[in-house]
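Every chain is named by a letter (A, B and C) in the order it is written, and numbering of its residues begins at 1.
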Amino acid sequence: MALLELQNLQKHFGKTQVLRDLSLQVEEGQFVTLLGPSGCGKTTTLRIVAGLTDPDGGDVLLEGRSMLRLPPEKRELNTVFQNYALFPHMNVEKNVAYALRLMGMSARQRAARVAEMLKLVQMEGYEKRMPDKLSGGQRQRIAIARAVAPGRKLLLLDEPLGALDLKLRRQMQEEIKGLQKELGIAFLYITHDQEEALNMSDRIGILHEGRLEQLGTPEEIYERPTSRFAAEFIGQSTLLPCRVLAVGTEGMTLEFAGQKLPARATAGFRAGDEALVCLRNERVACLSPEAAAEASLPGTLVSRHYAGGSVRYVIELDAGPRVVCVAPSAGDAAFRPGQRVRAGWNPRETAVVR
Amino acid sequence: MKGNRRGALLGLPMTLWTAVFVGIVLLYLLALSFFTPTGEGYGVQPGFTLENYRRLLSPAYLQVLGKSLLLAFYTTLICLGLGYPFGYCMARAGRRWRGILMLLVIVPFWTNALVRIYGWKILLMGNGPVNDLLMALHLTDKPLKLLNTYGAVLLGMVYALIPFMILPVYSSVEKMDWSLVAAARDMGAGPMRAFVTVTLPLTAPGAMAGVVLTFVPAIGLFFISDLLGGATDMYVGNLVRDQMLKAKDLPFAAAVSVVLLILTLLILRLYRRFGGDSGDMTLF
Amino acid sequence: MRRKRVGSALFLAVMLVMLYLPVAVVVLYSFNANTSRFTFAFTGFSTQYYQGLLHDTKGLVSALMTSLELAAYSCGLSLVIGTLGALGLAGAQMRGKGAVETLSLLPVMIPEIILGFALMAVFTFAGVKNDMVKLVIAHVTFCVPYIYLVVKARLTGMDPSLNEAARDLGAGPVRAFFSVTLPLILPGVLSGTLLAFAMSLDDFVISFFVSDTTVTLPLKIYSSVKTGVSLQVNALCSVMLATVAIAVALSKLLSRKKEPGEMKNEE
C-alpha cells in the first residue's frame, strides 16, 4: 500500500480547470517531485494534500485512509511553505516547537526535540533569533526544521528553494536530499526547476495543464519522454517532424524531408503516423559531410559559440529546420560557419514522441 | 465555501450596524426631505412634496450654497499650495527628520479642534498679540480688524484641514522611486522639467486624495465661521444647524443635507473615476 | 543644491511655527493673571485657572469625564465590531461585500454635519431620549471605519500562509487565530482603537446635533468659547496636551528599548 495516494483529483477555479483526473502514488521513504511550469496545478495539488484547498472530485488517501474530511491540523503530514511562513512574532525555538507544544510534549521533551532539529539543519545556537534577523537560507532551514519536528512520515515542500540565489540553491538541493535520506521519510516536492527535479528525486511527475503527462525516474523522464510536452520541457532539444514508414521489432523507419531515418522502437506508433524525433542538444554531433553515422542529416553550419567546457553549433538542415548541437570543447573539430556539415545522432538514444 | 460563511458571520455585527445606522439613517434623511413640517417642535408630516427643494432653489439659499462651495474651493486651493510643498519637503528630508516632522505635524491635532481655532481667535483679536506686534513694529497705528473677517475664516479652515493634504502628499512622495527622476535628468530634462513630467504625475494620486480630504469636510464645517467669522456670513453648515435648532424645520434641513450628500458622493465618484484609490485616503 | 536645502528647511520651519502658534497661545494664556471677561491682554503669570480646574468651578472636568466615558463605551464597541468586520470581510469573496464596505466607510467620507443631522432626525423620529445611548450609537458609527481600515490594512499585509502553516502544524482554527493571527494584527487593533478614541474625544459636530442635554468636553468648550471665555479652557487643554505628549514620549522610549519583531513580507 502506498503511503500517499491521489485518486482522480479534479479542481476548478471558476471556469478554469486546474486539475484533471490527477492520480499519483508516493511510497514510504520516496522522494517524489511534481514538476511543471507555473499554473500547471502543482501547488493546488499540494494544497489539496495538505487540506488547505478542497478538490471538486477524487480522493486523497494517506496509508489507505481518505483524508478529505480531515481539516489540515488532523492530517499527519507537514508542509514547508514557499515563502517559509515562519511566524514573525516567535523566535526560532518557538517556531520549531509550535507543533510539539500542540502535540502535548513536555517542556523538556520539546527542548530536546528542538535542539535535535536545529542540529539536523545545522542551525544550533539560533534558538533565540527572530525570523526577520535570519538570511533567506537560514529561514529555509528553520522552515524545514519546523515541518519535520513533529516526525510525520510525509513532508510536502512547495518550491522551497524558489527565493534563493543559484549557488545557495545548488547547496540546499544537496542538503535537502541528504536530509530526506537521513530521516527516511517521504517527500512530495514541488518545483518548476527541472535541474532541481532531476538532481533530487526518486520519481518525477510532469504536470501540464492539470494533467500528469508522465511519471517516472529521472532517467526515464529524460531518456524516454512520452509526450511532446515532456520532451520539450525537460532538457534542451530540437523536435524534427517525421512520418513513420515502417515499424519493426528492432526499430522503426521514419521519413524526414524525403530521407529515411532509423529510430528506436516506440510503443504506440504505426506506419503512416506523424512523429517527432527529439534531438537532445548534447546528443547531436556536428560531423563533416562525409562522416558516417547511424542517423544523420546534411546541412550548413550557421554559427559556432565557444562556451568554456562546451561548444554550441547551430546547423541549418537542407530541409529547413535548425538543429542545435552542444559538444564538449575538448577534441572539438572547430567547424566554421558557412561550412557544409552533417548533424548525426544515435537512434537508440533518441526518443520519438507524438 | 466554508471561509465565506464564517466571514459573513464575523462581519455580521458590522454589516448590521452599517445597514441600520448608515443605510437606514440616510434613507430616512432622503425620505424626510420630501416631508412637510407640522410647525410643532420637530414634528413632521409624512408625504411627498418637492417644496423643500424648491425653497432651496431660491436665490438666497443658492447664494449660501455657492458661498460655501467657494470657501471650500479656496480652502482646498490654499491647502494644496502650502500642503503639497510641505509634504514634498518633508518626504525629502533625512530619514530621522521625517519621523520628527511627522510627529510635529500631528501633535497640534491632539488638542481639541475648537481650542486651536480659539487660539487663533485670541491671536487675531483687536487687542491680541498679532495687532500688538504690528503696532510695535509701527506697521499700523491702530489695531486692524482681523477677527470676524473672511480672511480669518479662510485661515481657520486652512489651519484645520491642512494635515489632510500634507499626509497623503507626504506618503505618495515618500514611496516614489527617485531613480525615475534621475533617469529623466539623465535623458536631459532640467530639474523643473523632471519635476513636472515625472514627480508631479507620480505624486498626483496623493495630492488628489488630499484635495478630496480637504474639500469634502470644508463644505460642512460650521463652527469655524461661527468662531472666527462672527457668524456674519451664512454657510451651508450654519444653515442646516439653524434650520434644525432655530426654525425646527427638519424636512428643509434634510433637503440641504441631501444636496450636500449628493455633492459629496459625486466628488468621491469623480475621484474614483480619475483613478483615485480609496487606499490613498486612509491616512493612518 | 545647498541653497535649495536651506529654502525648504526655512519653509518647513515657517509652516511649523504657524501650526504651533495657536497651540502656544492657548498654553500661554492659561497662565494669564488677567481675569477680565472681555480683554485678553496678558497681564502676568498666575495658576488661578489651574486651581479653578481643580475645583471644577466651570464644569469642564465633569464634561471631560463624560467625554472619556463616552469614548470608552464607543471604542470598546467599535473595537469588537470593526475588528470582527475586518476579519470577516477581508478574506471573504462574497456578494455585497463591496456595498457593505463602501457604506460603512461613508460616515468618515461625508461631511460630519450630514451624519450628525441624519442621526438626530432618526432619533427624534424613533423617540430615543437617552443622550448617552444616542451619543454612543453616533460615535460607534464613525469610529468603526477607523478600526476597520487599520485592522484590514494589517490583515492584507499579513501573509495568508502563516495561518495555513499554523493549521498544518496541528492548530485548529481557533488556536491558529489566537496564536498567530491575533498577535500579528494586535498592533493594528490597538492603533485603530487609539485613533477612534481620539476621534471620539474630539468630536464636536456630530455630538452637537445628537446630544440634548449631555455636555461632552467639545460641546462645553464650544459654548464657553462662544460666550464669555474662561481661560480655564486653556488650562484644561494644556493639561490634556501635556498628558498626551508625555504618553507619546513614554511609548517612544519604551519601544526604542524593546524592538518588537516587525511584520515584514520579504521576498
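Things worth noting here:
Here is the rule we go by: a residue touches a chain if its C-beta (ideal position, glycine included) is under 8 Å from a C-beta of that chain, and two chains touch if they have at least 3 such contacts.
On a predicted model such as this, the values are computed, not experimentally measured, just so you know.
Seen from the C-alpha centroid of chain A, the farthest chain centroid is that of B. Ranked by how close its C-alpha mean sits to the mean of all protein C-alpha atoms, the top chain is C. Inter-chain spacing, taken between the CA centroids of chain A and chain C, is 55 Å.
Per-chain Cα centroids separate chain A from chain B by 59 Å. Chain B and chain C, compared by their mean Cα positions, are separated by 17 Å. Looking at chain A, one finds that none of its residues touch two or more other chains. Looking at chain B, one finds that none of its residues touch two or more other chains. With touch defined as above, chain C holds no residue shared between interfaces to two or more other chains. By the touch rule above, chain B contacts chain C in their complex via residues 3-4, 6-15, 17-19, 21-26, 28-29, 32, 42, 44, 82, 85-86, 89-90, 92-93, 101, 103-105, 107-108, 110-123, 125, 127-129, 159, 162, 216-217, 219-223, 226-227, 237, 240-241, 244, 250, 253-254, 257, 260-261, 264-265, 268, 278, 281-282, 284.
On the chain C side of its complex with chain A, the touching residues are 159, 161-162, 164-173, 175-176, 179-180, 183-184, 260-264, 266-267. Interface residues of chain C facing chain B in the complex, by the touch rule stated above, are 8-9, 11-12, 15-16, 18-26, 29, 39-41, 80-82, 84-85, 87-89, 91-94, 100, 103-107, 109-115, 117-122, 124-125, 137, 140-141, 144, 146, 148-150, 153, 191-192, 195, 198, 201-202, 204-205, 208-209, 217-218, 221-222, 225-226, 229, 233-234, 237, 240-241, 244-245, 248. In the complex of the two chains, the chain A residues touching chain C come out as 50-52, 71-73, 78-79, 81-83, 85-90, 98-99, 102-103, 130-132, 136, 146-147, 150, 163.
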